[in-house]
């Protein structure tokens, strides 16, 4: 009885049950997200071999698509749901010791629902269902950004909410325009019929949908909310928002472009947009004095890099993009988690206040350093393997333009290296040289971060381990005919 | 001991009264006498009445007799006629080029005792255009009038309140 | 019929525009609720009674209540 | 007249969308911006319902015998709008609670004056 | 300046939409999915209100998400307002007699009306969301009229949770015993156009009614009490 629907339903049911559990005992609620995502992780891992053989179509309510909603559990879906469950599991372990203030049961409910929404977005095969899960993702992030209740949190949450709700209205409008022309909401059915309409009237809903989704994906120029929101959320949430939420948004954008609209001509535009997003993200990150804002801007840069890789529209390029997503989730997750305790102990988000903390918190600092190395792309970490793959993919296209753009991207990476090394320098080589009393992060948080490190090193050393699933994921995007056929039968 | 029994008795009365009202409204809403509808209606009315019956009769709801129902229906007819009449009156005043209005606040007295009766009276006065109940204090109603014909309390009571009150007095006797 | 509908749409749009200009937020909220109410009438005319009911009870009534509570806790006038 | 009967609902819907977006873009008062979000939502909903309408159609409810199934309006947009209305009220409630908190922190609702972080 | 730029931007959007609308003529029959629902909805789900059958059966998963969103809003609002102090005793002047009596008299009747709306969701217009909203407005009336009364928060939370769980459990029963599909309509459909018909639809709609009612009440309660 391994049904992918359980990936969504079980966390949802646990979230509904949490208020009752909270009335019975206030101590066990924080273990429920751990349990839920452990379950999801095991289920996803069990599903991977099956999915690689054949994609699973889950018909909800037993109605054949396009008349009912269906889940499309292909390689991409299962790759993302595994990633979400993994990150969710590790971050919820971290949160056991990190979340001490505020309405805790509400935090856990919102956290569960945030990741449930993300799982729903990556698995669903229905346009309106995508919108609904997207809203779950967005609304829970609005609430979580404001969780700490301080000035910065509330303000960034409002900014995020205003931009996000305009985005979701545009998305709904686009879906409405598509429905008016095609009379169906199923993604495969839309993709099947998309060529029957004239291009101008397809272009308008496409722009609306991409804009709406692009706000969550933080594509330049729609990313004004991101640095504030990611920097003022609790660190565990920042890790999820940076590692999962924006990548899920990006997934939705590329799913729309590749599978539904088949707009490969649009991808050239996306290449430039990606490089622009990368440069702007990295350059803004360089000038930051606040560590979390720096990391948030760095996420924008990484999103640009992923966009660039996927927009190459080759098998290798798309798998490199997915690889970069994985390494970004792991690396940025690790960075935010370790920074969470650095900030907690120093009481400030200023980079300058971290001087000498390498002696006070050696393990946490080491973890931070490893995360930074991975994001920058030093061997033997995952970031190196993924960036290397992107460069290889760009060079194998053989086009001069991509070769030039790779130069620009390398420049971006250099900037990235510069600001990360600035932080590392102030952690280890500045401040007093006296021996200070050790004040390390709690053990349970260290364990969860160490698992991140192990995964980063493992994937960095054996990138072939995930090569197969990356390849099938890439072919799922390239062969849209297969997608349509497997859903509509 | 005796007092407790009294309380219980009135509780039961409250309960039956509320249950009856709710069930009748359910039947009006469904307009169907299918056995399923009736069972569900009884069930819901029972549950709601069970939870909400406390002190319901304290509102001053009347006992239901045939005479009172007839008077209540007559009251509704009178209310309807008055609303139509007052509508024309106000429309005339508004559309008239000279705008013959003389707004002011008057106080009228009522002999009704029960809260619910006073509320119905106040709402009827509000419902007829031109008059508007601002507040109720004990047995006095504070009314805003678009064309004050008389500032005398008794006179005003006769003009505004009497036509409704004579029916309500029977209903809530 | 079409004239009535056009009139309704015009009133609705006027209410929406007036929501921009009211300095008193309470008035703006009432204008927004009027938009919702007329929209619910239009839903009914478009043969969507379910939606009309939802819009009238949720969109107009409860949203208005929430807005008014929020305004009473903050500031009534736009500066 | 024909133009009106063909486009009046679309005009209404897109008028609301236009006004809603305008309020969000131009106004600085947070409550006004939230009102704008509400109007935008209503406009999108009206558009969706108008898409599903069939001329001289009936509501998709077989409440009495003799209703022609071919003459019923499309039920799907209605289901979507039902969802969308509830989502709208959820967003509005959350936004207003944030507005209350913001007012407690800053004593103002003017977004120009709130500059803890760069806009 | 900002206004002009916004207007230009909006104008471009409108131009695009006008282009697009030429392919969506108003009032023309065009949708194949909707037509399928109207033709087969009664046999497949047993509901006479096709909108309900779409909302709860064909697209029931959306509705689960929708219920989740409302739940999310209630929880998120609670989280945002959580650190604000609760008012001690509310020093509000009592409501006028008209409001107070009206509220006490009407409260049970409004609840009954809400229940009627969500129980008959599969037969007449209306359903869980509308009925739940009506019930919440009854509680709003209590807040306005009988200000000394408070809503039992614990009971509210329990109702909310149980109603949500009922929805999920109904879906899971469909997955395990009846038909191997999540949310499949495994119960007997019954005779069309009677109250006890269309399988799981009325049960889920009742659960939604309770859930929406308690959530909206919770939202209003949170907003009124905290500041």
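Note that the chains take the letters A, B, C, D and E in the order they are written out, and that residue 1 is the start of every chain.
Everything below uses one rule, namely that a contact is a pair of C-beta atoms (placed from the backbone, for glycine too) under 8 Å apart; a residue touches a chain by one contact, two chains touch by 3 or more.
None of the values given here were measured: they were computed from a predicted structure.
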{"item": "Shared interface partners, meaning chains that touch chain B and chain C", "value": "E"}
{"item": "Graph distance between chain A and chain B, where chains that touch are linked", "value": "2"}
{"item": "Chain whose average C-alpha position is farthest from chain A's own", "value": "B"}
{"item": "Centre distance in Å when chain B and chain D are each reduced to the mean of their C-alpha atoms", "value": "38"}
{"item": "Whole-Å gap separating chain A and chain E, where each centre is the average of the chain's CA atoms", "value": "31"}
{"item": "Mean-CA-position distance for chain D and chain C (Å)", "value": "10"}
{"item": "Residue list for chain E, restricted to those that touch at least two other chains", "value": "17, 24, 31, 33-34, 37, 49, 51, 59, 62, 65-66, 69, 72-73, 76-77, 80, 125, 127, 129, 216, 219, 223, 227"}
{"item": "Junction residues of chain C, two or more chains touched", "value": "48-50, 54, 58, 62, 66, 69-70, 73"}
{"item": "Touching two or more other chains - residues of chain D", "value": "9, 20-22, 26, 50-53, 59-61, 72, 76-78, 80, 82-83, 85-87, 89-91, 93-94, 96-101"}
{"item": "Interchain contacts (touch definition) - all pairs", "value": "A-D, A-E, B-E, C-D, C-E, D-E"}
{"item": "Residues of chain D touching chain A in the complex", "value": "17, 20-21, 24, 30, 33, 37, 40-41, 44, 47-48, 51, 76-77, 80, 83-84, 87, 90-91, 94-95, 98-99, 101-102, 105-106, 114, 116-117, 119"}
{"item": "Touching residues (chain side chain D, partner chain E) in the complex", "value": "6-7, 9-10, 14, 18, 21-22, 25-26, 50-55, 59-63, 69-70, 72, 74-80, 82-83, 85-87, 89-91, 93-94, 96-98, 100-101, 104"}
{"item": "Residue numbers on chain A that touch chain D, as the complex places them", "value": "128, 132, 135, 139, 142-143, 146, 149, 151-152, 154-159, 161-162, 165-166, 168-169, 172-173, 175-176, 179-180, 185, 224, 228, 232"}
{"item": "Complex interface listing, chain B residues touching chain E", "value": "18, 21-22, 25-26, 29-30, 34, 36-37, 40, 44-45, 48-49, 52, 56, 59, 61, 115-116, 118-119, 122-123, 133, 135-136"}
{"item": "For the chain E and chain C complex, residues of the former touching the latter", "value": "49, 51-52, 117, 125-127, 129-130, 133-134, 136-137, 140, 216, 219-220, 223-224, 227"}
